[in-house]
Amino acid sequence: MEFGPIWRASLRNKTGPILMALQIALTLAVIVNAVFIIKQRIDKITRPTGMDVDNIVTVQSFGFGEDFNLQESVPQDLAELEAIPGVLAVTSSQHVPLSGSGWGTELAGSSEDGAPRVNGAQYFVNADAVNAFGVKLESGRAFTAEDVEYPESFGVPISQVIMTRAYLDALFPEGGAQAGATVYDKLGNPVTVIGVLDTMHGAWVGWDELENVMLVPRVMPVESNYYIVRAEPGERDRVMPQVEQTLLATNDRRVVKSLRTHSEIRDSSYQGDRGMAVVLAVVVSLMVMVTGVGIVGLASFAVRQRIKQIGTRRAVGARRQDILRYFMVENWMITTAGVMLGSVLTIAVNYWMVASFELERLDPLYVPAGVLALWLLGLLGVAGPARKASAISPAIATRTV
Amino acid sequence: MFRYYLKLASRSLFAAPATTSLMVATIALGIGIFMAAVTIYYLMANNPIPHKSDVLYAVQLDSWDPAQAYREDLPEQAPWELTYIDAMALRESDIPRRQAAMHKVSLVVQPTRVDLKPFQAQARLTDGDFFALFDIPFVYGAAWSRDADDAGQLLVVISKSRNDELFGGEDSTGRTLRINDREFTVVGVSEDWYPVPKYYDVNNGAFDEPEQMFIPSGVGRELELFSSGNTNCWKDEDINSFEEFLGAECVWWQYWVELPSEVERDAYQAFIDGYVEEQKELGRFARPLNNRITAVEQWLEVRQVVRDDNKVLIGIAFLFLVVCLFNIVGLMLTKFLGKAPQIGIRRALGASRGAVFRQQLIEVGALGAAGGLAGLGFAWLALKGIQQLFPGFEHLARLDLTMVGIAIASAVVTTVIAGLYPAWRVCRVPPGAYLRLQ
Amino acid sequence: MLEMHHISKVYRTDTVETHALRDFSLRVEEGEFVAVTGPSGSGKTTFLNIAGMLEDFTSGTYRLDAEDVSDLGDDARSRIRNEKIGFIFQSFNLIPDLNVFDNVDVPLRYRGFTGAERRRRIEEAVELVGLTSRMRHLPSQLSGGQQQRVAIARALAGAPRFLLADEPTGNLDSEMADGVMALLEDINSAGTTIVMVTHDADLAGRAPRNVQVLDGWVQDTTQAIDSPVASQAPAELAVVGS
């Protein structure tokens, strides 16, 4: 192959190739980093929540007036909601997981002073909570109706909880902790872990300790709570309006609001991540398009400039495929120069993003993947103009242009 | 001569509509995407109250856990909010010209209009100075007095929209409004007010809609209202009543002061430091002295209301614009060098290099202006898309006149910069090179 | 009018030096009509480019209209081309997307005339070449002879002292060529100095004075005014200069 002459010819008319190579370098740096971010966001959005999110409806009850008593209202509401056909399980809850609003606390694995404390999200729920969230009990037992407490003030210490495996392991970093373990609240009161959940997500999707969650069987002395209503598969949308009607019919000293599906709540919590992924995907596509068009444009220009030369080459015996190959090789060399510079740039851009923002370091495998993609883009872009060049008649050599 | 160049430019641009559209589209895409990213950034980084942002200060006292900082990732910071005890104590200072303690509450409004059901609404529990502090004008009535705050009188100021909704827009001052099963008296109707960002409380989303109802700070004690914003506690306290909660080491109040000059600023810093020193004697504030008063713009920076993602997007949109410009340079080189024979004739007929250069730059400028206009279209589309992706960004995803101006100007400037090299190349064409047939 | 003294033009690449003109000297008086001839590669093009101030030269001096123009900068040379020189090319070099009026307008624009002045000059020049009725036609709508007449009108519109014609009839058939030559002769008799480059001996023969360039050297066949025979054709070649 005539790499040498092609390279030297490119160097002689160097502005076009330099522009092309720079463009490819920048494109590589942007798309590799953008695709990496997109991948991370998708991983984040799609990680398992442990809950039956797709079949859950949530609603807020907000009581008002002197005579409203949540602790009286809850058992009645639960009974009414459970009676709706198509409802699988219901619990009240102080907040809705994944909603961005919640209640956090700290526990410790030991009662000693200075024992490290671990943050977790805390949900005040009813007996059927495990079923209502659709979470999987790994070991131990679920709550029973007898477990549920109706304290008169906030300060009454909790005595038993169900918590996630992640939270339990975080409290006992040496591992091996099982249902039945004792943990300690902020005031040093012992709390028994009666059940361990496989996975459950807490309130704040951007929080590192999202998987540290505990369920507490209690109804707090406040005015407002949520109901988590889990429908049988396929029944959610039919159940949804009845949930609101049922609550309104049960008690009119309250406002019933925020009737939403759990998947809608999850989606709006991940709105920023999903939006970022979509915006980046659009920019990446546009960038590939613009660069692709640029490659076609510059290759066509190179061909147009050399019509006579190509004719002459053909006249002295070059075959069509030789001309085709000439342009393909020329383009490939430019692309290669571009991706080599681009690889360095990609790492530099990633380094800058890691240093400036809370982003992860790039998985190095993304760079060769991006290089391959741009090689392909280059070859696709040059294919058309190169074919046109190969179709130039040798007779053109003898004509004046 | 300028008009002659313009005429030549339009002739040249219309002579090759395909190339011209490709160039305009490329500029438009680059500028459009970049402008969309910049618009969001610009509105996020907006100064919401430019005429007094340098005299309004958020107050922070470091009442947090001696064992660890409030934010482990920002160890130099104090808690964003104050405890009830401290907020009430600060109200005793007469150094600030105006000041207000505040937090967000959830209320249930029971309208007298029969066609309206009771509804839950977010309100701001604050001092009467709030309105003058943040320059919120009144349509009817006025703010309540300091006495009303202290006594927790059941008074309410509602926004114009809420007044339209509840009272059909008439002057409702003096009317009663049932809230949480209690009779409140409307004392004022304030103008609708949408600061972007919602700087006075960025805890639960810096771009949320502001509250539409305002009640005196003392009402919270009366009705036992918790914050519906953020409440953070660090101390192991046994809290069994609202009374005990008020005395707890929990931060849930925002506090803003207006300090008209350096003198008041220094005096106020001394005042809060003195207050904390006193409290230290009483066994509170075990952390090192770290009391902060922060002006609006610095506050928004500290609170990071502009998200990292937006900065990343600005960077990526900028690189995209650069790629588009490289593309444009290539296209212009092709086009201009294609015109070399014509340029040769003009040179032979006496056009100086400068004249040729100017002619090309005017053509490039015209391209840039067209690209900028089309880019506005793309930016608008992109912002529409962003509104779809991020409901609640309505206040952030809009183009104003400034942005229109910036878009067109930046399109012209960047395109002309991109055109400098091709124009220089073409004006260096030797005048004799294309005149003779060989 | 035009004086070239010992002009050399050397093209240099990394390894080779090519002499396009060596020690070239020529004097053309006001009102003369001079034909410059020579075979392909003799240096005609270089002479044309230098005489028309389109190109620099390596050494020597060039005086045009009593002004030494040897060391002028690009802008000054552009101005002289615009004001003093009119070009007529073999391939006409009209701008294809401008009509007759606008083509003739081009040099006047760079001259900075007012709109009315330009219009007057364009109309006069186009009338002189007999194309008034074709004022709004594009070059592609005209015959070769008409195109060349437009080019002549363009060259004349600025009222140059000196016309530089490069194979002005090279792309025309003999009838059209005749018309163009007649037009040039008229212009010359009205006082404009003309230097015409051509390889066509017949055409050259119509000019009162012939100069032959050969391999970068010059042979002025009418240098001796008292030898009228020599002015007819380049009978024999002698090398003039050092």
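Chains: A, B and C, in written order; residue numbering restarts at 1 for each.
Please note the rule applied: a residue touches a chain if its C-beta (ideal position, glycine included) is under 8 Å from a C-beta of that chain, and two chains touch if they have at least 3 such contacts.
Because the structure is predicted, anything quoted here is derived from the model rather than measured.
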Overall pattern in which the protein chains touch one another (line/ring/star/complete/other): line
From chain C, the most remote chain by mean C-alpha position: A
Gap in Å, rounded to a whole number, between the CA centres of chain B and chain A: 26
Centre-of-Cα separation between chain C and chain B, whole angstrom: 68
Computed distance of Cα centres, chain C from chain A, in Å: 74
Junction residues of chain B - those touching two or more other chains: 437
Contact set on chain B toward chain C in their complex: 1, 4, 11, 15, 341-342, 344-355, 430-432, 435-438
Residues of chain C touching chain B in the complex: 45, 48-49, 52, 54-55, 74-75, 78-79, 81-83, 87, 89-91, 93-98, 106-107, 109-112, 154, 158, 166, 170
Contacting residues of chain A [partner chain B, same complex]: 15-16, 19-20, 22-23, 26-27, 29-30, 33-34, 37, 62, 64-66, 153-156, 186-188, 224, 254-255, 257, 268, 271-272, 274-276, 278-280, 282-283, 286-287, 290-291, 293-294, 297-298, 301, 349, 353, 356-359, 400
For the chain B and chain A complex, residues of the former touching the latter: 22, 26, 29-30, 33, 106, 108, 110, 117-120, 180-181, 236, 238-241, 244-245, 307-309, 311-313, 315-317, 319-320, 322-324, 326-327, 329-331, 333-334, 385-386, 389-391, 421, 425, 437
